[in-house]
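Naming follows writing order (A, B, C and D), and every chain is counted from residue 1.
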Amino acid sequence: MTELLVKNACVIDPLRGINGETMDIAIRDGKIVEEVSDAAEVIDARGMLTLPGGVDSHTHICGTKVNFGRYMSPEDMRAGRTPRRGAMHATSGYSVPTTYGNSYRYSVMGYTTLLEGAMAPLEARHTHEEFTYTPLQDTMANTLFDGNWAILEAIRDGDVKRVAAIIAWTLKAVKGFGVKLTNPGGTEAWQWGKNVSCIRDPVPYFEVTPAEIIRSIVEANELLHLPHSVHLHCNNLGTPGNYSCTLGSFGLIPDLNEKRQTLYATHVQFHAYGGSEWKDFCSKSEPIARFVDMRPQIVMDMGQVMFGRTTTMTADGPMEFNLYRLHHEKWSNHDVELETGSGIIPVIYRRKNLVNSIMWAIGLELALLTKSPWQCLLSTDNPNGAPFVKYPEIIGLLMSKRYRDAEFATVHPDTESRVPLPAIERELDWHEIAVMTRAGAARALGIQDLGKGHLAPGADADVAIYPLKIDEVDPSAEYQKVIDAFSRTEYTIKRGRVVARRGECLVHGSNATLWVAPKVSDGYDMGKDPDFIEKFDRYYTVRMSNYPVQEEYVTRNRRIETEAEL
Amino acid sequence: MKVTLAMKPAAKWFIPIEAESIVPKNFLSGTDLRVWRGNRELRLDEVFSVSVEGDADRAEDVEVVLSGDTFRLKRVGEYLDAGKITVLGGIGMHCGNFMSGGTIEIHGNADGWLGREMAGGTIVCRGDAADYCASGYRGGRKGMKGGTVEVFGRAGDFLAESLAGGTVIVHGDAGDMTGAEMRGGTLVVHGDCSRPAANMKDGSCYVYGTARGMIPTFKKIGTVQHDGRTLIRFSGDLANRGKGNLFVKGYEYLD
Amino acid sequence: MIVKDAVCPFCGCLCDDIEVEVEEGRVVAVTNACELGTTKFMGEKRMKNPILRVGDEWKDITYDEAVKYAADMLLAAERPLLYGWSGTHGEAQCVGVHMAELIHGVIDNTSSVCHGPSILAIQEVGHPGCTLGVVKNRADLVIYWGSNPIDAHPRHLSRYTRYAEGFFLENAFRDRKVIVVDVRKTESANIADEFIKIRPGGDYAVLSALRAIVQGKADTIPRTVAGVTREQLVRVANLCKSAKFGAVYFGLGLTMTQGKYKNIRNAIELVSELSRHTKFTISAMRGHYNVYGSNEVNTWMTGYPFGIDFSRGIAFYNPGETTAVDILARKECDAALIVGSDPAAHFPRKCLEHLAEIPVVQLDPYPNATTAFCNVQIPVAVTGIDAEGTAYRMDGVPIRTRRVLSSDYLSDEEVLARMYALMQEARER
Amino acid sequence: MRSFVYYVREFLRPEWIRKFFFARTAPLETPSYFKGYPTRTEKECTGCFSCMMICPAPGAIAVLRKKDEWGPEVYPGHCIRCGLCVEACPEGVLSSGRILDVTDRDRTAFASWYHLEVDDNLCMRCGNCCVSCPVNRQIDPQLAGTGTSASDEVIMRIEGGRVRILHMEKCTGCTTCETQCPNRAIRVARMVEGVQLPEAEA
């Protein structure tokens, strides 16, 4: 039995309605408890800001395409190289760091739970292997279903229950957490070098539209009672005028779940563009934010862009090819049979570039214009908008109008006429930041009942203590202090152990993986469905028995069973 | 100030030594520097006999002279910005990486990656330079961006790969893929070379000898007079929508 | 006993449909595998226990002694080289990386003698690729460039390309064209629809010419390019442009000939160019069954796929300098650990001269050419036969190899973990 | 001169002239063993290729598909009129002379089949033959899709470390396997045997 007592913590715990209360946190064997014995080890937080461990609800840190981003970028690896030191292994990389690099840097920022945004089922084993080497966070992987042939056929046949059954079988087989749709239909079209332009374009051969895919899978998701909603990367990412497509997609979504949203729309910044071409490109953050304000069934994340070098990577293959045609630098693409695809190119976002400046503004606007912080979470779609190490700066920008104005003065001068940002006075408070970086993310992912994102007794003892006193710092003026504090915790506690302190990681740690196994009746067990098996055997290049990810790949196994209505 | 570093004989002479600390400005504050032999960190005087004559306040006034068997000494003059390094014998890989100013003079041969990604300054190599002289780094798009590299002997393969600026002059022959991916700057080869300026985007490449294995996607434009020579002018690599210029004395296709 | 859906630990195809019949702890029959895979499964004459060279004699030693010898050797070295890794499973490769990091050594895998140049090219221009099943289900044009699958990847054609029935090809065998490009008429060329014979060393020129032709600039191309007529080049370019889905597979004939990675870069740029007209992909025909896995493991652990030098604590990467062939040829290391490969069979003589001079420990189930250069050899279980673990197919699909029989041999991972534990202990002291 | 007179006298003998102009020979009649070029009958060709298989003259006969019908085409320049194709055809598509009467009378026929032979020394077990075989493709789409046999009904598959022929009798002699084997390890042989049919049961 190990016990730890964090004393004099200034706690903000939005899921429990605690906002800046000084209290003690008792921890026993990795869980928060009511109280501990006198033998407990004591940490004096001295009134510092104490939050539940950070939860990143959309990031790309592990798996085939992330690793390919590393593989093709030795120049990126030259930055951020550190030697082995104490419990820390050597790390390399800036925009796509090595797995240890990701883990240590997230941990130092107080993050304890990460959701890998896109995992191709066929290559799931790879993601899980990398999770093992991301030791200081608990992880889960959204599984890609955007171009799944069996699902497209079931949708064409109008059989939502079969769609659900295929999702159930696949999630269980690949130890996935949630359902991710990336440019639904577009990734299948891309395997012919084509794309779909918006939600009404039929997919070649399968003749279903993205709208049908989104709606059917949303319904199937709810039939399975998955903890998380469908996680959608809308069609038409990154093109001028795409906001109408985004609104169209949002409009498809009924409110089906009282506990959480029915749709999680990711990196909405990339989908909130006005204009008809790059010349008249402008922000359409306002209509998007208004739309979301009126619909509790939708939660989004920012997908903030920050200036500098990074690597874009997504399952949205055709979008990356378009980017390649703009930049004509290096381009990787990886289509995955019967399932999905991906693309990677390195980019540099420049302040001097008008489009980049507008993109930077849009992300901030979304967070500032959306009334409820529970509906717009903080993200950069790491590393697409920027590497996650930029989060503290984003927090600074959201909390300080003065900082925003100072930055705005350095961007392209024409930005002002294209975006509403300069007119927005709102400055977010500590509570709102806590929602956007942990409580809201945990609720959106549906993992608060699993003890994530809050500090109630019974919760996982994941705690971040930042070297900052909220009553002594005025974030509006002293934004640099805010940035510094969020960049480096005083203590990061993971599963009841101090894993990072003042920028140093102290233990080797071991990752736990959360995954979902929906329970379905025999008739809906795709593992026994002759048609499914026959097609699998014929068109995949791996055998069905070699497809599922074995238990060996999950060191700490957190299997979540759901009762499906099938 | 003149710092003379004479290499001492070592038991495991074959293990390379990395000595990026050997740049003139570091000697302004003494000779207590560290170098690495494989994975062991050593004091400078464990590897060299060090002698210092005179003193200086500015790096510009420091000259470092290297003598002895220095062909396994890597990364000498990395990030050199001022002052002079003279190598009496040969020098190991990565000499003058990223240098932005100052001078390096090598009396013997230089090993690979001489002046990799340099941005300014001058490198003179009196002997031969091995592969990747004045080139870029793996995965990078820009190689050398400025300064001058002059090699009086031969140069190896991939000379001035991804050259983006500055001038590279080789008085002898150069190897295969000379000036591959050039995107700027000037490359002059007095001797022969193979497949010059492949996939070039921009910049100028002069071959005063014969270009063997000439890439078939250069368009012949005519002849020009250059430095008292008649050269055939080709325009940049069509495969890469290129705009660069390639001037050769003679050429042979691999047909 | 019959083990179904076993995974073949021979080449990068990583066929996972093998049936292995085992009787009394021996493999007696193999179904579905090619000649190479069958031989590997049936392999015999394993070494029984670790051996130590004493003068000209071999002496049997225990695993503990062997592990201790290796750990001491590596700890004492100023620049140890950890080489091989392509013939073992990912979990063992991870231990290898940790080891290199701890002892500040150089870790490199067999890519440095096969597809290293391909990786360098990818690092310059990226890689438009796909999994093998995408090609199987869609491609109506397949180009084998400088690769002879019949010899090196026998089932590649029947499982993934020429003969395999695809979802979108009604009669794949009839509707799919195959072009073979090589310097000589190979076995694979015998069954191709079109064969392009290139003069040795001419790949780059031909690729450049094709790129220009695809861009509509055929008129500047000389009448013949490296032995190929302009007419044939134009015909092939048109075939490519009119294909619905084209796939290029290249092999060592392209990576290891003059120009090396520039050839691959040019091929990739051709494919990127063709992608503007139709769908095209390109992939390397990887040799060892888990060489791609070794690249993957190295990449997520160190940031670089091969040739990683931890001498200074941080990872440094520079193929041509930090790769095994170059290090050995220049005598830049003073101890070597060889795992899952047989460098003595492939390396130039100059490298072997240095290998003979330094202490060498090898982990390998069989006596091989490298045995002659070893001070200690430690027999281990064979991944995919009596050990299991992760391997990555040539297209990046990870598959868990199966254990088809049990033996008393320790796996690579177990032996390496023991070494690593000893080293950690020594370093902490 | 003498000889000329001799000849005239000799040839103008009335007996000779009578013989010459009025000689009678037996009427010309095609013998039963005579064979002309094979011709088509009204019977429908099933495309079994038996005729092609048995033909000893290279290039003399080919079974071609015209629109939706198969039919044999004889190339007279190559045909040696041996009549084997007529005898071999199970459907009586071709005829030439009274060959069929003879075989009918004697109750003889040709039995034919294809023999597949694999040289294990040359074979790489790449599976090209098994997967390219059109009969296999029809029987087991999974074999055609993945190279993995799921059916015992295929002609051949890779089994136990070699190409195992399971159903030689299904081979149609198209020789796809032969042309697709890069190492020429597989051979399709045409096997023909004359047989005496059993007496019909009364």
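Definition applied: contacts are C-beta pairs under 8 Å (C-beta built on N, C-alpha and C of every residue); 3 or more make two chains touch, one makes a residue touch a chain.
Keep in mind that this is a model prediction, so the values were computed, not measured.
Colleague: Relative to the centroid of every protein C-alpha atom displayed, which chain's own C-alpha centroid is closest?
Modeller: That would be chain C.
Colleague: Counting contact pairs per chain pair, which pair wins?
Modeller: A-C
Colleague: In whole angstrom, how far does the Cα centroid of chain B sit from the Cα centroid of chain D?
Modeller: Using C-alpha averages as centres, the distance is 76 Å.
Colleague: If you average the CA atoms of chain B and of chain C, how far apart do the two points sit, in angstrom?
Modeller: Their C-alpha centroids are separated by 33 Å.
Colleague: Roughly how many whole angstrom separate the Cα centroids of chain A and chain B?
Modeller: Centre separation, chain A to chain B: 45 Å.
Colleague: So what's the Cα centroid distance for chain A and chain C, whole Å?
Modeller: Taking the average C-alpha coordinate of chain A and of chain C, the gap between them is 34 Å.
Colleague: Which positions in chain C are in touch with at least two other chains?
Modeller: 17, 123-124, 136, 159, 165-166, 310, 312, 317
Colleague: Name the residues of chain D that each touch 2 or more other chains.
Modeller: 141, 145-146, 148 - these are the residues of chain D that touch more than one other chain.
Colleague: Multi-chain contacts only, two chains or more: what residues does chain B have there?
Modeller: Residue numbers touching two or more other chains: 137-139, 141.
Colleague: For the complex, give me every residue of chain B touching chain C.
Modeller: 12, 14-16, 18, 36-40, 72, 93, 112-113, 131-132, 137-139, 141, 176-177, 180-181, 195, 198-199, 213, 215-217, 219, 237-241, 253-255
Colleague: Quick one: in the complex, what on chain A touches chain C?
Modeller: 62, 64, 67-68, 70-74, 77, 81-84, 89-93, 97-101, 122-123, 125-126, 129-130, 133, 149, 191-193, 205, 321, 324-325, 330-338, 341, 344-345, 538-543, 545-546, 550, 552
Colleague: Can you list the chain C residues touching chain B in their complex?
Modeller: For chain C paired with chain B, touching residues are 77-79, 103-105, 120, 123-124, 199, 201-202, 204-205, 207-209, 211-212, 215, 217, 220-227, 258-259, 262, 265-266, 269, 310-312, 317-321, 330-334.
Colleague: Going by the contact rule set out above, which residues of chain A touch chain B in the complex?
Modeller: 72-75, 78, 329
Colleague: Can you name the residues of chain A that touch chain D in the complex?
Modeller: Contacts found on chain A: 534, 537-539, 541, 543.
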